[in-house]
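There are two complexes below, and they share chain A, which is joined by chain B in the first and by chain C in the second.
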Partner chain A sequence: MSEAKEPVELLRTPVELAYTYSAGQSASRFLRGIAVGKLLGQKCPVDGRVYFPSRGSCPQHGMPFTGETLELTDKGTLVTYAIVRVPSENIPLELPYISAQVLLDGADTVLMHLLKAKLEDVHMGMRVKATWRPRSEWTTSVGNILYFEATGEPDALYESYKEHI
Partner chain B sequence: MREIGVVGFAQSPSLRREPDRNEVEILIPVIHELKQSLSLAGRQFDFVCSGSSDYLAGQAFAFVSGLDAVGAWPPVCESHVEMDGAWALYEAWVKMQMGYADTALVYGFGKPSMGDLPITMALQLDPYVSTPLWPDSVSLAALQARLLLDGGLVSEREMAERAVRDRGHAQSNPFAQVKGDFEVAKLLSEPHLVSPLRKHDCAPISDGASAVVLAAGDRARELCKRPAWIRGISHIVEPQDLGVRDLTRSRSTEMAAARAGVWRGPVDVAELSAPFTHQEILVERALGLGAKTTVNPSGGALAGNPMMAVGLSRIGEAARRIWDGSAGRAVAHATSGPCLQQNLVCVLEG
Partner chain C sequence: MPAQPKLEPALTAPHKLAYTYKRSLGPVLSRFFTALRDKKILGVRRSDGSVMVPPKEYDPDTSEALTELVPVADSGVVTSWAWVHEPRAKQPLTRPFAYALIRLDGADTKLLHVVDAGRESAMKTGMRVRARWAEQPSGAITDIQAFVPVA
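After this line comes the complex of A and B, so read on.
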């Protein structure tokens, strides 16, 4: 009989669960819109705020949205940003890149995306516009927009986006 | 003890597979309907508590987006349990007993159709020696049923009778998933699904959501003509290791029933959340239910089993029988874990 008294220090119990994921009605509506180049938001029936993208209800009032959508322009304001200089395993972008929060004109929630600009030029309030991939490459993905770029218009007034910082 | 009553209830239909709504989208209209029925807005609840499972959603912190359905600005006082909504209701009840809240919104929601539910349930077991074997929940229940059958404690006929009864009752429940007129003899001629269980012995897999509103004292009387007062509520958990439990009875249901005061009066209606026919028999026995009690007028879990909401729905269904006067005293039951590991018993009175 062996005198094995070594403690068990490691136990491998891999967990693997498969899911058939469904984005849901609201996200699907948004993604089908962007597949044809349309940016679709939804309006809260209580206070008229426009949610983009919408998640099916107004999170402020808990008010369900109907199927009605509102088409937004691909122009907006850079609300805030971060210059990323640290690599991340699942982000295949060349460093440094600019992670941007864009408030599209007419929307009341911000969209997280990328900004292409010289680092020294980036600033809050910058007016930006989407640069799209070639139409033949469009799918049901926010990646149909490659990035946002400056329009050269005068900056937006701080008052117009301060709520979103 | 403060007087706390169930004053509102809403639910989604139990569906085998919600084709395109995500789990929050299933919940949104349920909470909206409930708020409309009581003329309350989100921030008028002193406390909000939910039950759901990130393992069903396949996403960490999935429950947070459930608040989209509530309306969470200005900030609400809110909590969550990774359990059936019946336990969220228990937390809300405790909070109200302590005087921290006069009203509470409680909800449970889940979309198990996105994954393989019986396998996902294996994650409830102990992670060292049981989960690595991946015993699915139906097989574990089948082992329990085998113990009962071999011990002569339950017969396959008695089990089939529960399915016939519940599916029959469910015909009057528009939210039920499995319903209709069935015959015991015909069900018993069906092949086994996982021996000794047949399909009718197992609750369906259901996507769905439900929500309940609790209110204390006069606030409850303002919101509801005949509140379903919670006269007792208790839950007990048995050990995690299946080998140390007596699987031929539901000891924790017996103890919870005693503590909740089930036997202090007659029970007109009982709504049970047992997901297998033999477990329904064990729960009936543990609660000491006799011929005078109408069991599962809604069909119970065997007719519709929205994971994370099914237990809360039993409390809602029992409360409805108090509101409409068809019951003076009702008992609701919820369960969690494999083979009736943890059980909650709630006594409601008009």
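After this line comes the complex of A and C, so read on.
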């Protein structure tokens, strides 16, 4: 018999779902690119907008992209950001850190990543550049970029990124 | 149409999604699970005199609050069942078993639980079963390891 006298008031009901995630053709191509340090985007055949990372088709026109990719630079503009004060796993920065939306030069969609900067320095329009992990640690992961850091260049004009906020 | 690009297999990766939920039982289910820890099963009596197992806090027809918990037997009758040929990792038993609806003696509703019958041919609607209790009950539905056929 149980010796416990306290009534049972709580029930543990853990839920665990073990998936095998498939990246699909388009994201796989992107991930194979980043595994060798290349940032691959795709161009919409209708209006020429550059999607990065690409999902394989244009969400605006519903057009499938061809297999063709274009390589982007690892520099861009901080479009918007959030300061995170709650810990989560697999973040290579100390709290508080900056969750950043970066518009890479030449891209028309933003990449969500991390920014390493002093909180008092971070601002919209800041020019940033990727800081990569050592090449020996690269895998098929966007985590090959550790975070973005300020380049020190003059800020981008608001007009150049306003539609991405 | 442009020529289709040559396709490489898509990349895949394991992805585990887990939530460590704890739920508060409330007054009625708290007593049900506390009783399980003492190897007893409680039902709740409705105003028409019928007994629901597992108990509910409110009458599903009249919505009135229910508070009268009454003991029922730990044996009863299988009213429906489905055989599990290949149990999965998180299922209650590691060998083939039946999920079954069991109307315990003294109850008017059926409890979903497990019958450890060994083989499918030992299962029959209307068969009698009895709870096999865990040696160290903790106040969970798994304190009943399984129901077993009564010879």
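Everything below uses one rule, namely that the second predicted complex is superposed on the first by the 139 of 165 C-alpha atoms of A that agree within 3 Å, B and C clash if a C-alpha of one lies under 4 Å from a C-alpha of the other, contacts with A are read in each partner's own complex, and residues count from 1 in each chain.
Keep this in mind: a contact is a pair of C-beta atoms (placed from the backbone, for glycine too) under 8 Å apart; a residue touches a chain by one contact, two chains touch by 3 or more.
Only a predicted model underlies this, so the values are computations on that prediction, with no experimental measurement involved.
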Handout entry: Which of chain B and chain C A:V15 touches, first, second, both or neither
Key = both
Handout entry: First, second, both or neither for A:S88, with chain B first and chain C second
Key = neither
Practice task
Have a look at where A:S136 lands relative to chain B and chain C in the superposition and call it first, second, both or neither.
Solution key: neither
Exercise for the section: Identify the partner contact of A:P59: answer first if only chain B is touched, second if only chain C is, both if each is, neither if none is. Expected result: first
Exercise for the section: State whether A:G24 touches chain B only (first), chain C only (second), both chains, or neither. Expected result: both
Exercise for the section: In the overlay, answer first, second, both or neither for which of chain B and chain C A:G67 touches. Expected result: second
Handout entry: Residues of chain A at both interfaces, chain B in one complex, chain C in the other
Key = 11, 13, 15, 17-25, 27-28
Handout entry: chain C residues within the chain A interface of the complex
Key = 2, 4-25, 29-31, 33-34, 36-39, 90, 136-140
Problem - Residue numbers on chain A that touch chain B, as the complex places them - result: 11, 13, 15, 17-28, 55-64
Fill in the blank from the handout: The answer for chain B against chain A in the complex is residues 18-22, 24-25, 28-29, 31-32, 35, 41-42, 55, 58, 65, 67-73, 113-116, 119-120, 123, 127-128, 131-132
Exercise for the section: Can you check the complex and tell me which residues of chain A touch chain C? Expected result: 1-2, 4, 7-25, 27-29, 31-32, 66-67, 140
